[in-house]
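In this document, chain identifiers A, B and C correspond to the written order of the chains, with residue numbering beginning at 1 in each.
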Amino acid sequence: MATNPEAQPMYMDDCWYVAAWTHEIEPGQLLSRTICGRRVLFWRDRAGRLFAMDDRCCHRGAPLSCGRHEGDTVRCMYHGFLYDGSGRCVEIPGHDRVPPKAQVRTYAVVEQHRWVWLWIGDAAEAEPALIPDTHWLTDPEWACTPPGYMHYEVNCQLVHDNLLDFSHLSYVHPNTLGGSEEYAQLRSKVDRLDNGLRITRWFMDRPPPPFVAALLEAKGMSGNVDRWNNYNFLLPGLLIMDSGFAPAGSGAERGDRRAAIEFRHCQAVTPETADSCHYFFCQPRNFDRDKPEVSERLYRSVVAAFEEDRAIITAQARCLREDADFVPMPCGLDLALVQFRALIDQRLAAQRERHARRDARP
Amino acid sequence: MATNPEAQPMYMDDCWYVAAWTHEIEPGQLLSRTICGRRVLFWRDRAGRLFAMDDRCCHRGAPLSCGRHEGDTVRCMYHGFLYDGSGRCVEIPGHDRVPPKAQVRTYAVVEQHRWVWLWIGDAAEAEPALIPDTHWLTDPEWACTPPGYMHYEVNCQLVHDNLLDFSHLSYVHPNTLGGSEEYAQLRSKVDRLDNGLRITRWFMDRPPPPFVAALLEAKGMSGNVDRWNNYNFLLPGLLIMDSGFAPAGSGAERGDRRAAIEFRHCQAVTPETADSCHYFFCQPRNFDRDKPEVSERLYRSVVAAFEEDRAIITAQARCLREDADFVPMPCGLDLALVQFRALIDQRLAAQRERHARRDARP
Amino acid sequence: MATNPEAQPMYMDDCWYVAAWTHEIEPGQLLSRTICGRRVLFWRDRAGRLFAMDDRCCHRGAPLSCGRHEGDTVRCMYHGFLYDGSGRCVEIPGHDRVPPKAQVRTYAVVEQHRWVWLWIGDAAEAEPALIPDTHWLTDPEWACTPPGYMHYEVNCQLVHDNLLDFSHLSYVHPNTLGGSEEYAQLRSKVDRLDNGLRITRWFMDRPPPPFVAALLEAKGMSGNVDRWNNYNFLLPGLLIMDSGFAPAGSGAERGDRRAAIEFRHCQAVTPETADSCHYFFCQPRNFDRDKPEVSERLYRSVVAAFEEDRAIITAQARCLREDADFVPMPCGLDLALVQFRALIDQRLAAQRERHARRDARP
């Protein structure tokens, strides 16, 4: 397990990263966002098709996002190079002919369920089937909180660590998501998946945490509840969680969710640079679907809680930056995060070998 | 051609840099300005003579610019060391005798036509005859815009690049200096000079650009114009330009300027550090000389345009800093800037040899 | 003598550093302060006993100062690790047993005369008898100015240098502590102590400096005074000074202080990082002890003067950072500071040897 994750400069290039909410890229707009150390330009042609390409003119390096959207093309507004969605430069002012190497790199990009997914490796190898299912973000059976975004000034692994160990709820979020300190004493079940981990937490017959207590009361549920947080934490950094609350003993753990209220949290951590990351989140629910005020209230609770996370994680990152020799002391709480870091290390090792083979080809 | 000019740490030391406007150094004042990585103190004695010396007391390194002007001397206000214009310390409080090595380095400095020219190499080798002619800045036959200054947070070469390729006018300055995109399609004529390049651009029989359209109209010139931008771009980074506008077909290209309005732009780019530079500019003209409102209007137009340059160049520098591996793709537009960079490289190579010979002397 | 002290990364570990005023650590409070590059947590148990330990949970590096004070323990509020004053972790949520290596490093810490003294080396070797006497800070025979603190963004040696050469008073503080330039011409007597230097300055029969002129007048002392600044400057960076003013010729230099007003300045410079330091100060006096308005007036004078010091020292540090090759030119004024730097160098050399022997032990 690496001590200070911020020293890690390599990014997995055979997976999809959440790069934006689809509504962030409006027709005619040029969105620049740095993903895995690459400054990427997102834009749409007149038909609405989405493109992602290096946000840097091949000529002298000016950002295309400072340029001009011209129908199905984007013009660099330094010296007028004009690009189409394939990244090819199709016009250089004063030149009859555009040399073939006048182009910028493009990326495979897919819009699915309101998220924009970016593949930073070879676009020819991009496989849309690898995008995890987050259909709750658009499914009419589920009601969503407003689309969430937060910026972190820390390496993404510290956010992964946070999401992989829910024992922190008792201490970081006592008045929001958390509740009693008993919750921290519960050990999660951790199972290995091909591309991540499956984490299972059932917390039976206890008072509900603050953020849902009022919601449950409004639904006539008083008294103790059974609570679950069962989630996949997938490469490169996606949390897809089935969570909920049911009257204690009503059988939710055995599959009877008739009396339950349920969520399908979708959260994505995407590296920006080695020292910063993007955090996209939404909390679809299967109750009070026609009540926007419930969406708003939940959103405010979640954001308040995520601000609590950001405060402690940012403080932690500051400590780690100050002492390059610090070695963390893993304990039982860290089972999932140790496994997830090992999984990333394996994938990056395989990637290095794959690149070495590719670079060795005649 | 170097990819990222900001990695360049060496400065030509056998040429003159514009360091200030003369009026910036008033009698009794201490001006500190960093030129080519050296923090330099500029000041005058009681007779008005100008001196330039290291802005750092030889004693313990405190800046002399935080000190006190005392007639023909400057006193460090940390422990009282007193310096004259030759850089010698002439008094140390509590010491009967000042050791000969108590001195700071001085620089050759010349005031000419309102600019202060600094020679950062050996002062004994400074040759005032090498200072280019900018007499229009004081010639009563020409009227000047107010003295211009702008600070750039980029390596000076990116500003050189900008000034060496006027095709950017169509894209960076469409509503100020630029005009039609046709102007960008015009190829400049580039000739080599001993100490720089000669660039010639004639743009015939076209509507005038916004910044002069009103001026021309006031003079009864309507309709198309012939426009020229003919300039020397000289080491270390000086643009001295003959530009102007004449009624289309009135013969300006053949030398008949009787119906023309003319400018003699003087612009100097001076390195501050590897990541920043100074930009001094003025636009003398031979028309409406008695109208200060024309000076003001031109000045505002020029500054607005130069802010447009600074925005795109600063964005470009940010892109280049993020990707050390970026290799620009030169095209026909870059003829002048490629030649100018080559010229600097030759001069720096010669300088290295000269220094090596000097350092090898017994 | 090192040229740029900011390159120095090592701290003496066999001495006491002033880390705080005692009142800064109130019961129930967690104070984090970086001392010699170590982020240290200061807190008290219910009995008021003071503890100092690494402000970084051994688990994953979160700062304990973001945690919760719980009686005689401190809880990390990321995942709930609980520590006692010995630095041992006494509880990990969800774990029956705490592994012995779950602990943070503690430091020897002593409260004496309102200052908190920290020993950054091996706590077993901490020797409270080495703490210098500053009893004037609590002695009822002396009245104190309010407790002073200032933060410097420079290496501590530049502040030592300042305090070791009072000739700067004439130039940095002409209108506060200083007075005439004659004062700068006075050479200090410098004697070597085991753990520092003894500096003696008597300035006879001169007008008083601005900051005490009004005080003296109120006491009916008009005319010239004899002034003295006699101080120990002790490792790691402590100034303990006997200073005062007496009517000229009243015999203060020979020991007769009946007509004098006296101060016992206590000032401590403590490294924060290689580029910053803490500055604690107080000016006990033996006159007007019952007049808080005199305390306030003196405090304002001293702070105004120390701001003058900070301005010039910070400007000096900026100059030194810009030129790593600068070599200062020592003169007679620097006798004390050259000796003090040599003393530190000797102590650090001995420390390196001591560590090497320790690390070589089987």
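The rule we apply is simple: a contact is a pair of C-beta atoms (placed from the backbone, for glycine too) under 8 Å apart; a residue touches a chain by one contact, two chains touch by 3 or more.
Since this is a predicted model, take the numbers as computed values, not measurements.
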Margin query: How are the chains arranged in terms of who touches whom: line, ring, star, complete or other?
Written below: complete
Next item on the list: Determine how many degrees of rotation, between 0 and 180 and to the nearest 5, align the Cα atoms of chain A with the equivalent atoms in chain C.
Entry: 120
Checklist line | Classification of the chain B:chain C interface as same or different, half of numbers criterion | finding: different
Note to self: I'd like the Å distance between the centres of chain B and chain C, where a centre is the mean of that chain's Cα atoms.
What the structure shows: 48
Item checked: Residues on chain C engaged by chain B in the complex (per definition of touch) -> 161, 165, 167-168, 170-172, 181, 184-187, 311-312, 315-316, 318-320, 322-323, 326, 328-329, 331-334
Next item on the list: Give every residue of chain B touching chain C within the complex, in rising order.
Entry: 34, 37, 39, 55-56, 58-63, 66, 75-80, 92-95, 99, 101-102
